[in-house]
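Quick heads-up: structures coming right below.
Each of the next two complexes has chain A plus one more chain, namely chain B in the first and chain C in the second.
Right, the complex of A and B next:
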């Protein structure tokens, strides 16, 4: 099976609140306020693909659209045992939204050999839009399923996608090729790459295409970005207060606490 | 135009100096240390418990003997890669870094450099996976900084050697499957009394490895003795090509290099925990971080840490180019271990009463640093190594008082 996994590089979402900053434009996070890392749900997607490959064979390609630094995410993908890595270089200095990203990824996928399965993360830890997978399926004209946490082959031509729901899961049979966005579960925790595989990954080729090479101009990308624009970002000011609830007995304290909670809820 | 940014955790952007490959190894080691070791560290310390599964986990990720060539189970990495692994393990608990130091530098390194091909094939792959655990015996109860006066002996007999003596302060000895022991060899020839290396397997008759009890530092690291009573070691278990102290010192030099990097992680962790604490704790109506006494303490910490980071990086660079001398390693081990101990003590102080509990972790590091500043050459002994190199006069042996 030929699997493509899309990887997005984002600022570390675990950055302490006091270190998080917005850059001078007021339109995006300051790229220097935290380390760049691969979005965790994208790594869940890669882990899902790796387990599928380990059990049933096949080949995994990783693809990313972003600045030169996305090479780090792709190299980590190779170190986790993906077979090939491709990127489309974004040197515009702007972060594309989900629709623009899906368009670029679809163009890149069009240049590559056909895939049986295309995976993205459920959402990214920066904006949390959760749109890229669905929009990519639309661009590619393929069926799509979201919130998938497990994939199994069904005969030669179909796959069973296990989709998480609020109360359990759905098992969906889909024809190949199919696009799925992957969510996290107990069994797709991303593996830590081994030192030897890291060294081997750094010897593997990594193909980098320009926007022009995949057939999209910077103007087209900019036009795509115009559809939904961010006007201004700001960090909400956090306020915290501490109040001690008094009472003569435990029961009194519980009653007073309950009354206080109700009063606060009403005032909000 | 360059980008001018101030990162309070890496003020001189020293991580940018590390190659991409080594940074990836650093990231993998960090992920492992933070997700797998950190949750076990406090309990491991309190209960003096080294989870034996850690050896296999580390072996599986290729963290043991990472610089050993692939054909013997290593990853064939740079020494800087070994350094960055040590930094990440030490950030959690020096006990875990000590385990890796001993396995990699004191056991795998001498077998690789001084061993026969058969010894390499027999032991290195299993040491790399953590299937077997090694330890290293040089220090004796009465001979620490002065190993040349060791009394452990190896007497030549038919088919091998008979070893007698005892080694102490041996990291991993209670759990070791293989002991690299240095002893004075007596074969009745010209080399009588010359120091040689021997590989002693667990199960050898006359070998015992009792644990050192009541340690107040490095509690998750099992430390013990190696007691040898007429232990028979076959000829094939003697390291063939090394004589004298340069054998054990070559191993120590590698391990000290790991310490130079490891304690950077300790100092960084203590500083970051102290910074978090003083930014969050308010006294007299203001955050502790707003007090001048606190700010200069933080300033001193990051000044020392920046020096430690750059020393570690440059030493790694020189070692990877095969240009590092033992004196360079002594300078950096002395500086970095001493500075890390001081930073840990100051951080402990800044955390006030909370700094006394293990939950805040700095006292754990502080106690560990007492060991690290002492073992693998004490702070003062490394000063004498440097003094000898600077003046070309050795001052290890006191003179002028003998009548």
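Right, the complex of A and C next:
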């Protein structure tokens, strides 16, 4: 099976609140306030692909759209045992939204050999939009399933996708090729690359394309960005207060505490 | 000039951090501390699977042939996690075998050690707890297939779980290193009570125990020196990881713990201590990684750099531990808080391979010799 996994590089979402900052434009997080890392759901997607490859054979390609630093995410993907890596370099200095990203990824995928399965993370840990997978499927004209946590082949031409729902799972049979966004689960915890594979990752091919090379201009990308614009980002101010709950007995205090919690909840 | 780790080393260190966060959280550390011999097979197998047991060993013996900087990057994460394992003991022993020049024993022992299928340790110290080879008194007598050893070794790391013990002894005037099977007749292994429960030490009493000679004379002296330098790199990096943990935990506490309506970190007395901790930690990092680089490159300053790194990191970790406990107040002194685990590990790292006084003396000797 030929699988493509899209990897997004994001700022470490675990950055302490005190370190998080917005850049001078007021439109995006300061890229220097935290380390860059691969979005965890994208790593879940890669792990799902690796397990499919381990069980049924095939080839895995990782693809990313972003600044030069996305090479680090792709190298990690190769160290986890993806076969090859591609990137589309974003030199614009702006972070694209989901629609623009999907358009660029679709153009890049159009330049590659056909895939049986295209995977994205369920959402990214920075914006949490969860739209790239669906929009990418739309761009590619392929069927799509979101919140998938397990994939199995069904004969030669179809795949069974297990989709998490609020109350359990849906098992969906889909024809190849198909796009799926992968969610986290007990069985797709990303593997830790072994030292030997980390070294070997440097010897695997990593191809970098410019926007022009995949057939999209910076103007087109900017026009795509106009569909949804960020007006201003701000960090919410945290307020803390301490209140002592009075009462003659423990029961009284518990009752008063419960009433106070209800009153605060209603006022919010 | 870029002094940072390169991309591959960064990924190696990130992988090590993820591994220990996942496989050796502090609850696991405490569980292993409570165990009989301080060894967890699953954790050891995980470390071996990652390839860290053969990190700097030559590729011809199934090692990865990486640098001492790579070794430091991984060891730092072991220190950050306070991971209890036979990694230091085995790495020291592997380095001693690799440097010995004994082709037969290298081929026989190193592949299993590189793959983590075997654990080894070095029995060096005797009554005086001295790290210099001239203090070695244990007698080795010639025997049919090698030597027999008689005497007592103290503070031998992880002897209870080792598959091979490298014993440093004296045959006539010559220093020798002999390989001994831990189950050999005449060898008695007794645990020694220590303050750092993440590392276990043992007393070994030898009564005519048979051993195979790994190296003797000048070759043994040189191999022992080189292997101790490898051990020092690991100990210094381990200290760095621990220092960073204590610093971050303490700063976080200082920012959240309130006294008189304000975080305690807003008071200058606490700020100064935190600033001192950062200074010591960063200076230690420079010293430790420079030593690792210099040793790898065979730099002229390697010997000095190693003495400086060990002396500085050892003292810095102790001061950082003291500050951390001081800033935490009462809670920092309890068994339930994790600070004491790091403090005691720092103390064991301080003493192993020589304390700061020992290394300052060595440094002085090198400077005088110049």
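By definition in this document, the second predicted complex is superposed on the first by the 268 of 268 C-alpha atoms of A that agree within 3 Å, B and C clash if a C-alpha of one lies under 4 Å from a C-alpha of the other, contacts with A are read in each partner's own complex, and residues count from 1 in each chain.
Please note the rule applied: a residue touches a chain if its C-beta (ideal position, glycine included) is under 8 Å from a C-beta of that chain, and two chains touch if they have at least 3 such contacts.
As the structure is a prediction and not an experimental result, all values here were calculated from the model.
Superposition of the two complexes onto chain A shows a clash between chain B and chain C. Of the two partner chains, neither chain B nor chain C is touched by A:231.
When the two structures are aligned on the shared chain, A:195 is found in touch with chain B and with chain C. Of the two partner chains placed by superposition, A:266 touches none, neither chain B nor chain C. After overlaying the two complexes on the shared chain, residue contacts for A:32 are found with chain B alone; chain C is out of touch.
Shared interface residues of chain A, touching chain B in one complex and chain C in the other, are 16, 18, 72, 75-76, 79, 192-196, 198-199, 201-202.
Within the complex, the chain B residues that touch chain A are 3, 5, 7, 20-21, 23-25, 27-28, 31-32, 60-63, 66, 70, 75-77, 81, 85, 276, 279. Every residue of chain C that touches chain A in the complex is listed here, in rising order: 7-8, 10-12, 14-15, 18-19, 22, 49-52, 55, 64, 66, 252, 255. Chain A meets chain C in the complex at residues 16, 18, 72, 75-76, 79, 192-196, 198-199, 201-202.
Those residues of chain A that touch chain B in the shared complex are 16, 18, 32, 72, 75-76, 79, 192-199, 201-202.
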